[in-house]
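Going by the order they are written in, the chains are A, B, C and D; count residues from 1 in each one.
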Amino acid sequence: MFIRFITTGGTIDKIYFDALSQFEVGESQVKHILSEGLVQFDYDVVPLLQKDSLEMTDEDRNELRDFIDKDDASPYVITHGTDTMPETAEALEGLEGKKIVLTGALSPARFRTTDAVFNVGMAVAAVQVAEPGVYIAMSGRVFPAGHVRKNRAENRFEAV
Amino acid sequence: MFIRFITTGGTIDKIYFDALSQFEVGESQVKHILSEGLVQFDYDVVPLLQKDSLEMTDEDRNELRDFIDKDDASPYVITHGTDTMPETAEALEGLEGKKIVLTGALSPARFRTTDAVFNVGMAVAAVQVAEPGVYIAMSGRVFPAGHVRKNRAENRFEAV
Amino acid sequence: MFIRFITTGGTIDKIYFDALSQFEVGESQVKHILSEGLVQFDYDVVPLLQKDSLEMTDEDRNELRDFIDKDDASPYVITHGTDTMPETAEALEGLEGKKIVLTGALSPARFRTTDAVFNVGMAVAAVQVAEPGVYIAMSGRVFPAGHVRKNRAENRFEAV
Amino acid sequence: MFIRFITTGGTIDKIYFDALSQFEVGESQVKHILSEGLVQFDYDVVPLLQKDSLEMTDEDRNELRDFIDKDDASPYVITHGTDTMPETAEALEGLEGKKIVLTGALSPARFRTTDAVFNVGMAVAAVQVAEPGVYIAMSGRVFPAGHVRKNRAENRFEAV
């Protein structure tokens, strides 16, 4: 079994710099999470973007889609900012035979309390078990692309 | 969506008592893990047993199977000790229409570094996505019952 | 034994809000840290300010000094932002008979990896053992006020 | 500033081995704790013993006392099992000019929730600030040797 992880930034990889009192996207936490999960499969991590998902452009999404379209390493787990994860999921639909699960975190992976580990665990299982297609694994749920939104007021993902 | 969690003991719930220098099965960590995972679905937790899996008997497995057979809350996630998880998975096969995923941990959930959170995340996703049947979610993999063993020397689960 | 903790904000209590991608001072983490430290003494926590220390004014420092001057609960542990902790320490010197230790964190207490717990442990010990006066407990050291600075480039406190 | 850490075993360094369902003293966690505490002083770690403190003998205590007596690196922080920490502290009294603080943990340092980090922080501060002598830093308190006991029923250290 092989999974390709693609990282694009977002809260999951946020890091805090004291001197500036800012919070920026840092090095991906995916390898750390997989190591703690004691996973026994082959994988690599492709750091494609490092952006807040609010800053993701259509061009970024086209680049991501093109990358996967030309690549032959399906399945994919993509870590992504939460605010526009549903839009990116829809932008990736229709790639013949590809299995893609997007996930991320509402609280940074570097936090003592974070949903990042649980969410990456969900994505890893979903991408093994699901039929080809595009999914989002967040809030304890596996949603098909196009049938999920982020409820920002409630800080959760929900079916639509 | 509703998931019933059944806890049976095992390393995932181990706790350490200083005075005795012993390590015993403690209160289930499942609720804590689901809370950290920010899950948005209904669930309950049924604490059926509190045993090291090496101490699990055929009678215990029959009790577990009977419980699920007579219950109507499918799907199920069962936390279980790792040493005999494959045996219990096989003992639960053949329950018409039931979806069951067993998981646990090689390192206690109370540890700073543990595979418990990742594994429960995997189980929660697998039980939503998989076809009816019995599965084990460990070592980053989702295995069908009867096709998995614990390699104790390597401290991992692998396909057979 | 009784210790009064005064919280003033700073990195130690920073919290991250996803939707805004901002990082603000949140509820104090001191009680959580003392609880994890299994402390067996009486204490209370006075939340005096919630500021980045760069925003601390002379007026804020006067308010803090007045509070301690009129209060009779010595000793004190003050949690404070790191950037101007040395200035605040100096502003508190000369209060007859008072024992005051300032501490904080270079990495937020809510992070998985943080110096906050270690630093509060240092402050609690120093305030019991030291002679009356004002001290800073950071970077593994206990410095007397007026003899310490933050080296921002190296992200550490050092003697001057 | 230089501190010599001497590790002797105890709960602070306990590790859990799944296959055996046992809990043994593992590699010292002191370096990990000091690293997380972002300490800026020179130190080394001398692993003298790896024992539950209930198994500590008079011979062990003599060995420890002799080591410190002949060594010239004062001050010392000694990590030690909690059950007989007070006895060892008394056995180290009377070493002219030496500053020694013993500490440990009621919950292993490898746990997600542990008093180990807080306690080592206390010990590091106490050993800098205190007069020469032997002390125990536990339960949020710095006790002089000979005036402290472990209350096992309440799982805490208290003055006597």
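To be clear about the criterion, a residue touches a chain if its C-beta (ideal position, glycine included) is under 8 Å from a C-beta of that chain, and two chains touch if they have at least 3 such contacts.
Everything numeric here is computed off the predicted structure, so don't read it as measured data.
Enquirer: How many steps does it take, at the fewest, to get from subunit B to subunit D if each step moves to a chain that touches the one before?
Expert: Between subunit B and subunit D, the shortest chain-hopping route counts 1.
Enquirer: If we define chain centres by averaging CA atoms, which chain lands farthest from subunit B? Would you check?
Expert: Centroid comparison gives C as the farthest chain from subunit B.
Enquirer: In angstrom, rounded to a whole number, how far apart do the mean CA points of subunit A and subunit C lie?
Expert: 37
Enquirer: Starting from the mean Cα coordinates of subunit C and subunit D, work out the distance between those two points in Å.
Expert: Computed value for the inter-centroid distance: 26 Å.
Enquirer: For subunit A versus subunit D, what separation do you get between their C-alpha means, in angstrom?
Expert: Spacing between the chain centres: roughly 44 Å.
Enquirer: Find every residue in subunit B that makes contact with two or more other chains and list them.
Expert: Those would be 106-107, 113-114, 155.
Enquirer: Once you've mapped the touching chain pairs, tell me: line, ring, star, complete or other?
Expert: Topology of touching chains reads as a ring, each chain with two neighbours.
Enquirer: Chain pairs that touch, all of them, please.
Expert: A-B, A-C, B-D, C-D
Enquirer: Taking the touch rule as given, give the residues of subunit C at its contact with subunit A in the complex, in rising order.
Expert: Against subunit A, the touching part of subunit C is residues 11, 14, 16, 18-19, 21-23, 52, 54, 82-83, 106-108, 110-114, 152, 155.
Enquirer: Name, in rising order, each residue of subunit B that touches subunit A in their complex.
Expert: 1, 33-34, 36-41, 106-107, 113-115, 117-126, 128-130, 137, 139-142, 155-158
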